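Chain nomenclature is as follows: A, B, C and D, assigned in order of appearance, with residue numbering initiated at 1 for each chain independently.
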Amino acid sequence: MDGIKIATLGGGSSYTPELVEGFIKRYAELPVSELWLVDIPAGESKLHIVGELAKRMVEKAGLPIQIHMTLDRRKALEGADFVTTQLRVGGLAARMKDEQIPLSHHVIGQETNGPGGLFNAFRTIPVILEIAKEIRELCPDAWMINFTNPAGMVTEALLRYGGSPKAIGLCNVPIHMEMNIAKLLEAEPRRIRMDFAGLNHMVFGLNVYLDGIKVTKKVIDLLNSEEAAMTMQNITGVKWVPEFARALGVIPCPYHNYYYKTGEMLEHQLEEAKESGIRAEVVRKVEEELFQLYKDVNLDEKPVQLEQRGGAYYSDAACRLIHSIYNDKCDIQPVNTRNNGAIKGIPEDSAVEVSSVITGQGPKPIAMGELPVAISGLVQQIKSFERVAVEAAVTGDYGKALLAMAINPLVPSDTVAKQILDEMLEAHKAYLPQFYPSRLTTVKIDCKEKS
Amino acid sequence: MDGIKIATLGGGSSYTPELVEGFIKRYAELPVSELWLVDIPAGESKLHIVGELAKRMVEKAGLPIQIHMTLDRRKALEGADFVTTQLRVGGLAARMKDEQIPLSHHVIGQETNGPGGLFNAFRTIPVILEIAKEIRELCPDAWMINFTNPAGMVTEALLRYGGSPKAIGLCNVPIHMEMNIAKLLEAEPRRIRMDFAGLNHMVFGLNVYLDGIKVTKKVIDLLNSEEAAMTMQNITGVKWVPEFARALGVIPCPYHNYYYKTGEMLEHQLEEAKESGIRAEVVRKVEEELFQLYKDVNLDEKPVQLEQRGGAYYSDAACRLIHSIYNDKCDIQPVNTRNNGAIKGIPEDSAVEVSSVITGQGPKPIAMGELPVAISGLVQQIKSFERVAVEAAVTGDYGKALLAMAINPLVPSDTVAKQILDEMLEAHKAYLPQFYPSRLTTVKIDCKEKS
Amino acid sequence: MDGIKIATLGGGSSYTPELVEGFIKRYAELPVSELWLVDIPAGESKLHIVGELAKRMVEKAGLPIQIHMTLDRRKALEGADFVTTQLRVGGLAARMKDEQIPLSHHVIGQETNGPGGLFNAFRTIPVILEIAKEIRELCPDAWMINFTNPAGMVTEALLRYGGSPKAIGLCNVPIHMEMNIAKLLEAEPRRIRMDFAGLNHMVFGLNVYLDGIKVTKKVIDLLNSEEAAMTMQNITGVKWVPEFARALGVIPCPYHNYYYKTGEMLEHQLEEAKESGIRAEVVRKVEEELFQLYKDVNLDEKPVQLEQRGGAYYSDAACRLIHSIYNDKCDIQPVNTRNNGAIKGIPEDSAVEVSSVITGQGPKPIAMGELPVAISGLVQQIKSFERVAVEAAVTGDYGKALLAMAINPLVPSDTVAKQILDEMLEAHKAYLPQFYPSRLTTVKIDCKEKS
Amino acid sequence: MDGIKIATLGGGSSYTPELVEGFIKRYAELPVSELWLVDIPAGESKLHIVGELAKRMVEKAGLPIQIHMTLDRRKALEGADFVTTQLRVGGLAARMKDEQIPLSHHVIGQETNGPGGLFNAFRTIPVILEIAKEIRELCPDAWMINFTNPAGMVTEALLRYGGSPKAIGLCNVPIHMEMNIAKLLEAEPRRIRMDFAGLNHMVFGLNVYLDGIKVTKKVIDLLNSEEAAMTMQNITGVKWVPEFARALGVIPCPYHNYYYKTGEMLEHQLEEAKESGIRAEVVRKVEEELFQLYKDVNLDEKPVQLEQRGGAYYSDAACRLIHSIYNDKCDIQPVNTRNNGAIKGIPEDSAVEVSSVITGQGPKPIAMGELPVAISGLVQQIKSFERVAVEAAVTGDYGKALLAMAINPLVPSDTVAKQILDEMLEAHKAYLPQFYPSRLTTVKIDCKEKS
């Protein structure tokens, strides 16, 4: 066969229809011939629902894209050109614990670079590294497009411990930022360009351009004047102190609220937890509704409701990235990749999230030089956290895990760090073979898809 | 005259007797012929008390050291070989506000690198830069030994904005750490050596050596086993979580409690404020008692009570430093100096606190390479804060000031940052000409000595 | 007027028809309304010849581009959107001395980064910095596109001493390399992409891609097998030792012959000097013939003979660059720009020649990381030379000039350096006001265009 | 036994009496109890002669230092505290070829960082790495003090490929520079201090201090005025162009003549070769005479004639270094050690020659920051050469070997590089098992001592 083979791990995810739509609309320049949706036994029924919808979508489009559904990961990987990963080890249940346990100690959970994210990394990284190993064996030339969270630490692990120079981490936060700003400027998104630099969920828009003209200051003013303009669906709409935003001089991402508004965010989460269950609970309900929709045999396109989920645009970003690699398009996209000197002060072999030229040989980051002084400290601190966290995730060393937890800026002390750590280690035991070596075999079959 | 001329700005400080003692005991190798104690009008009576005690001390030692007391700074600086600065602009009253105002917002004040330290920097840096200018004019070859807090930011300001390559910042924290560790190891202090690296009040002992043999791990274990071993008088005795201390692998300084135990430290300060007045209040009382002692015409040596103040060893450290410069001794001392590549990731032209070879041409820092990952993030974040703070102190820019306050790791949000900032700007108005340009003239005569 | 205003300094150059052709063929996307050709009195007749040809070309194309010819630089600069500079201070006569004097000491002259280039820099940099000053005054938003040699040092001077962040240096060497390689691969040039990194005339192709696929090794083998494949018209066709070329692993530029084949190149130049006059003499003859052609009132397009000059593609490269800036095209072009961390080990604020994304805000270099070990030493050495040379050019300091000459890798000793330096200072006296301060006024009117 | 055990590999060297003298005079603070002189069978008779002289010296001093002579390296290494290496693989015969073969192509041989040094590295590095492996096995806590040339590349190999963090490279060039300068200043050597930075035989004195006062400029002037003041016995006395020396602003080492006076040095060597045999021949004669002296049973001290050899002070430098490590003396000595950020722009894990604090845990380099621009290029180029050379030495890769040869600044072209390389590979075949794998066993027994 001559077309492109895609393997999508965690294929039973509710996001998959967006991915399928993305391939359909790019078919002319990105001729996918096989899309393999892979999942684990526990996700089989969802995989079936999503897979059948995918088939109806392809059929409607009249394209020769074969949809495969399988529980056999190796078969899917064999000879693949691109592998996308969208796992959630432990499923939504684990995510809920990631948020609830820290919150019970009056600490924000933060599923990517907070205490919750730390455990997400502990559960996910060993699974991802195992997949990376299989890729090296079964499809060594494939690009691995990872949009499994915490994407920053996962990419760091793949680059430093996974022997995976062809791994790219992807996030939908920058796209959302661009879209929101386009709306503020009342311009088509394609007229907007931003210089992104930082880390995953810790990325800044250093500059905004409209038709190539710098409009950063104007955008900051608009953001100040608008109510909660920059928020995404999964972050509470809070406003920056205008003088602070102006002095910062760059566009923060929504997740910066956790660091520049720690107090308010904590209050908000405690409130929310009381009233309506926390975020993960909300997500679970949306999920259920989506799968009800997907089951409808008359549905043959991505339903609009999917866009209301926090993860919207993720899959489309993946298609866009694959498209540019396949066609050596040399356009600019923000991705998580090896720093290679693009951001001064971050190790060259660490992962950063940075505007990069997307070539047939993968992303080439644009040299951003030194970050503005005021933001570089926080970025460095999170990178420190990420590096220690990844080391702990790979080694299963208790001390390193405690260290990572204690140096996280959301955690108020080593004492609290130890309490949260111990509770979470116990709660996630089943998914942490590296910390509980004897349980290794049981765990492997138990990791769930991101959905 | 052939001997050495020393000018001590803030000479009416209660620490001065330690300085005098330091010069007396080193006289053979460091022949000081003139010691000029300078202060401002408001400090004249203290200057007189301290000066007379100094005269009695010198007389008792039978040394030809002339003691001068003056309010004329220029006269004191003229032709000086070394200038020491131990100012406190605004005096203890200002320091109390530095601690109380943040605390009223449930934020730790922290007089060096917290919100309190920020305002200490705002008050102090303009005065210090003015002195630096006079030094360039009146004694351009003199070394400026600064132990005015916040020593880190003051040194940063002197190096970046003061045209002062011959300025050195000094702190007594490292000496205290060495002495405490010597006690733990039951060894003479001179057998202990430590590799210090970091920033002022954010310094780590990367390694401890006993007779040249590495004993770092042993010391960490001893610190874990001892009750509150590393604490200094001005920090509450708290214990690290042992697994955390071991995983950290280096010796933190007492001020790290504020960052690794933020929650507990805040609780403690709130308690303390209720019960017995805060730290500054305590200091004020000790002060009063000391000056009562100094007045005694029969006293002709440094009273032991002085050693109980937080600032003990400061002045002796200054003498030791001057001694090594004067004699090109090439011994190793921890000082605040230009990084020059010694600590990777910190700008070369920023101030760091680092073990340095003390030569006749000043300190040459020892190359420490990359800091351990787990600590580098926090160090970078404080350096970010310091750089923005210094910029605000020099320019009087409100936005920069807010930025510095908001990115300080002790401050929970930009909203709280603005509240604290506005209250403190108002409270310290009289000492902040750069933020209130029209008041410039009034301010200059009003800055008080550190005492 | 709404269109774009271009000011071309050195407009009487024989290259100008290529520039005019470039603007004509890009008119749809780059609507140039005014092209101001500027020259000095000594170049007036050439300016007239070239300007009239330009008018005929525009007329033939039927485009509303106004051609202006002037000796009044300020008038041309006023309100310009882009300024191109193609000067040759001292004209061809000076260039001949740049080559002959070193050669008389058995040293290669090398008009860009050899002893000849050093004096080219000494003559050119003061003139360029003066132009930069006028640009800041008369058209501060204009981009300055410099293709005056030595482009590397001129860009270094503009970035470090010219307060000219909007200056870009341009060279035709990379384009020639791509075209030659395209020919070797029997592919359309647009299918080829190369990662360029290094310095001007010291640039390497780190990788070659054909349709996005890496073909670097294949190209190196082809270069080994072909006779003199990579040579350009102005460099003798010599072949690399195949094992050397393979071990180098990157594509050198033609000028690398001077450094990796110093012996042969010197022999060759000595031969050539005997037989047929040196390169500059050849160039002069080609020049004369070209202007004969240009005078023909029936000629209304760029004559093919122009492509045989060493400088071919220069002007087209300038049009391409202007086009991409004007349209925020974000394509990749090799330019001389601020390093900004793109090449590790080169100062961030130094000029490098590097593949960059060309945006509406100018070039953003792509992060190339560390250069291969084997080439980084030579690149660093030339950058050292360039920096010292620029310092000498700006200050007129004899010692710095001697230093630059002596550390140039083509110069065999400090003794020979001094001999060449003294002879050349004398020979170029009229164009070196900085070294002969009293002559300042005479010089200004005497600088000639590049032609 | 309680004393210190020293193993001296290449113990039959003519330098050994200096080493013995060094230990004798430092006995009070450095109680050596066993000195093991090791050599290979071919060196047995010299070992015997030197060993017996050592015994007489120790006896005369009345010290309980046991002298052991052995061909069994493992026995000597077992439990050693310090290992010194002073090998010369291939002996003087090989050294002669290192100089003669390049010279026959009109290229300077230069036994340390020229083409000769390259082959010295090829012969030596495999042997040294084998010794390093034995050290890890038999005396893992020992410090390895290497004064085998080429010391720079050998240290680079030990640090990067030898798993030898406790290896230090030593050279006598800096000591000679200090002594010569002391003589010029008519001061006791101990009053002089210099900041050394660079690479082995490529080291610069950045500053000179007399009693802690900077006298760099004065020294440069003295060097200019004196005839051949800085020369050592093994380099021809040439003078710098005074303006060049002043503009350089730092003190070059004698070996810089090869790079800043390449032309003259080559002429000189060609002359010398004609007249009196080259340097190695001279050395051989001195050697023979020394051993005649050593045989004299009445000789019981180091003969003065030894000081006339180029290697004088080498062994004393080794004793001084061992003394400071053993006593955690924290004095400053120039050594070859891991850069660790001390010199900006050189990789952190590369070897540099730099003034370092000598502690009980080895050398800690002093942060020197950025080298002066004018010298950094050459230093970088030699470091490039060294790194490629070491890679070739370790892998035996022909292409890498050619690359190293061709990028050496003394070699005029890749063509000449290949000629010299091929001849030298053939000439040294017996000592290059890595390039001729099948010969591996024969070679091992054939490597000769440095003598």
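Heads up, the rule we're going with is that contacts are C-beta pairs under 8 Å (C-beta built on N, C-alpha and C of every residue); 3 or more make two chains touch, one makes a residue touch a chain.
Keep in mind it's a predicted model, so treat the numbers as computed, not measured.
Asker: Chains shared as neighbours by subunit A and subunit B?
Answerer: none
Asker: Quick one: which chain's Cα centre is the longest way from subunit C's?
Answerer: Farthest by centroid: B.
Asker: Quick check: how many Å separate the C-alpha centres of subunit A and subunit C?
Answerer: So the centroids are 45 Å from each other.
Asker: Could you state the distance in Å from the CA-based centre of subunit B to that of subunit C?
Answerer: 54
Asker: Can you pull out the residues of subunit A that are in contact with at least two other chains?
Answerer: Counting only residues that touch two or more other chains, subunit A contributes none.
Asker: Determine which chains touch and list them pairwise.
Answerer: Those chain pairs satisfying the definition are A-B, A-C, B-D, C-D.
Asker: Spell out the residues on subunit B that touch subunit D in their complex, using ranges where they run on.
Answerer: Touching subunit D from subunit B are residues 193, 195, 207, 209, 211-214, 327-328, 330-332, 339-344, 348, 357, 359-361, 364-370.
Asker: Mind listing the subunit B positions that touch subunit A in their complex?
Answerer: 240-241, 243-244, 246-248, 260-264, 345, 373-378, 380-385, 387-388, 391, 397-400, 402-404, 406-407, 409, 412-418
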